[in-house]
Amino acid sequence: MSTLFSIVIDGVAYGMVLFTISVGLSVTMGLMRIVNLAHGGFALLGGAFTHWAMTGLGLPFLAAAPLAIAMVMLLSLPMERLLYRPIYKMGELQQVLATIGITFLIIASVNWWLGSTLQSIQLPAFMSGAVNLGLRTLPTQRVYVIIAGLLVICGLYILIERTRFGIKLRAAVDFPGTAACLGIDTSKIFLITFALGAGLAALGGILGAEILPIEAYYPLRYMVLFLTVVAVGGMGSITGSFLAALGLGILDTATRYLLPDFGTVFFYFAMILVLGIRPNGLLGKSLS
Amino acid sequence: MSHTLKTALGVIALIALAAVGYFGLADNLAFMTQVVIMMIFVLSLDYVLGYAGISTLGHAAMFGTGAYAAAIFATSVSSDPILGILAGAVAGGAIALLSGFVLMRAHGLTLLMLSIAVTEVLHELANKYSGITGGADGLSFTPGPILGRFEFDFAGHIAYIYSVCLLLLVFIKLRVLTASPFGLAARGIRESQARMRAIGTPVYWRMLLIYTFGGAFAGVAGALSAQTTALVSLSVYDFQLSAGAVLMLILGGTGQLWGAILGTMVYMTVHQIASSVDPFNWLFIIGAMVLIVVYLVPNGLMALPALLLRWRRK
Amino acid sequence: MTGVGLKVRNLNKAFGGLVVARNITLDLAPGDRKALIGPNGAGKSTFTNLITGIIAPTSGEITLDGRDIRPMSESQRVKAGVAKTFQITTLFKALTVRENLRLPLLERRGWLGRLIRRADSYPEVEMEIDGLLKQFKLTHHAHTPVDRLAYGQQRLVEMAMTLALKPRILILDEPAAGVPSSESPLIMEAIAALPADLSVLIIEHDMNLVFKVAAKIIVLVAGAILMEGTPAEISADARVRDLYLGAHHD
């Protein structure tokens, strides 16, 4: 019973981290029809900037994290224009090549700047420790991660369903050709979405630092993990990413608790199973 | 120029290249052997990805299975290296066929992810069943003499020559295979699967066979890697191996055997030099090289001469 | 019931509640030149997809020489003699015209799975390619990658490829769509020169072309056949005229 409780809490927290990092990737991949292997780089940069702001500038966590996210979003703007724009029209393989190249450059930059050691992020006192629920205690950090994840999905829901930007974004994802004809500036939508996705990844990287530790090789190490969430959830689907991240997070956590010998076998089996039955993911549209 | 003549010239060029390496870089034989093995691996990927257009980031599944098969075959059946290579080919082909039943139904991101997943599952299984695979410690073995005569020597001369011979064999085989009707069918599938169906081709089954053949060649590369290092470790299933092969192939140019060879040579050489000059920051150089190629010569280095010619004419 | 040619009887297809083919009955005998016309969304594409096996009918029969072809896959139907050109050219763009023709010729003979001999070393195939190139006036472009050809010529390559399958039933899906009017005589010539014993069904918007090459015209509206008749009968029919000319009143 206590194990089950831990699995659920850890699994959901892990799922929220996966969702926060991957959702931007899913939306940009669905929107621009590209394969992007470099998205984990933004999560790494989020974590690295936070570490630097706290240790180098002496800022408290609550100031360092937003600063880091803003920095990542700012950095993502020229990256979209200069590095990503030229590859939108290229083939899938060229996109794989280019985004691996970008990943390498991010890794090398972080490595050069901060070294290859673990970049720890010291959480403030109110976020560390444990909460006592009376019957049992649970790590406070997990609670904050889950709350943050829920806030992200609520925020995204409002953004997509209730704002003019959301309407345009949905039109651009669902009818890429038509949206441009309707006078929607798709290139601006791409840019804003890309930056938002990068910012969310940075947030996920910071929040998830206890589960997915921040170090230079982060984007390569967890590349497959984030892409799995996108593929299983279905490219371009926010709800799909949420379900996939939560499901895979809980499954992976359960395996670690119950069948540690098997490592990630079940994780990948689940992916093969889902994609074998639903090639476009849980909620993906067919891209024919 | 006739096809056979071109193949013969290609073989001569490869032998010349190998000889230059052998005599010019004799201190680096182990590295050169790795390059040759990687060339076989990337050629096998070119057949699948370049000719037939089957996108994959999981080609290491067949490489690794071939490597383990060769090692297990050597310890439990026969230490003859040639038979070991055949065992690697059969194992690589078998794993491609088995996984291909699911993979060949998918395309795009889904296919990429499924191919990764298959490799990761094999990785975990190899880790879990350490009784057979040696787990994290790896599986070391002693390959016997080649053809009963040539023992693998400590300096790696035999290993290098043996690898070059296998590269030549694979090169010739792929030259024949890609020029055959079946090779034309592969290119047709890459260009348009719908059209291939419309002319009556059972596309799925053809792709399954292509993937199986590609897997067998990858298995050869894996087996060779196991024999020349006398060791198989879990790293044969690394994602980096699959991704690296894709990088080398696109760098050189897909759908032409020389693209695979050139790409492997350039990538591995740059990698070797960059990581020895600056072991911490070599990724800068590799990353920059990859980006420059994508933005300037998206069709790979093989397209460079034509591109330069066009620039000059302007 | 047996008989020579393609026979379609009471063919129906519905996607959920949406009926896209309604009781279609149609015959194509050897040598027939028929055209299928109808407004957008009338179900012309659905009909061809039902015949070629891309989708399965909800009910009804399709027989070729008395043999039920419904259980056959797309590729099996091609082998049985039912072939179709594409509405949008999806040729093997990077391959040359010769290679584009070589593929169906090798496939028809069942040789496309061969692994050793070179693909261009089968004399009977190469001779047949030469013949097709001549017939479609493409000899000069034999070694050009098809994506460098003019659009009209691409459509000719497409027809040549489909003819290379030696079909008995040929469905030409909008053979003139997208072809500039300067090149459309080429298409008409090519259709006129098709083998006499071939059954041809042309799906087309261009009335000019339809009236020139088809002996019988079938009008499809909302998934059902409105009428079948000679070009003269069709052009005299008030309902068809309404459909095409006075479509604005209800």
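Think of it as A, B and C in the order they're written, each chain with its own count starting at 1.
The definition used in the following text is that a residue touches a chain if its C-beta (ideal position, glycine included) is under 8 Å from a C-beta of that chain, and two chains touch if they have at least 3 such contacts.
Just so it is clear, the structure is predicted and the values come from calculations on it, not from any experiment.
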Among the chains here, which has the CA centroid at the largest distance from chain B's centroid? C
Per-chain Cα centroid nearest the overall protein Cα centroid belongs to chain B
Please work out the Cα centroid separation of chain A and chain B, and write it as a whole number of Å. 32
Expressed in whole Å, how far the mean CA point of chain A lies from that of chain C is 48
The distance between the C-alpha centres of chain B and chain C, rounded to whole Å, is 42
Touching chain B in the complex, chain C uses residues 52, 73-76, 78-79, 83-84, 86, 90-95, 99, 102-104, 106-108, 111-119, 161-162, 164-165
Show me the residue ranges of chain B that touch chain C in the complex, using the header's touch definition. 3, 176-177, 179-185, 187-188, 191-192, 194-203, 206, 209
Counting only contacts in the complex, chain B reaches chain A at residues 49, 55, 57, 102, 105-110, 112-114, 116-118, 120-121, 124-125, 127-128, 239-240, 243, 246-247, 250-251, 254, 280-284, 286-291, 293-295, 298
Which of the residues in chain A come into contact with chain B in the complex? 29, 35, 83, 86-87, 90-94, 96-98, 100-105, 107-109, 111-112, 116, 220, 223-224, 227-228, 230-231, 235, 261-265, 268-269, 271-272, 275-276, 279-281, 287
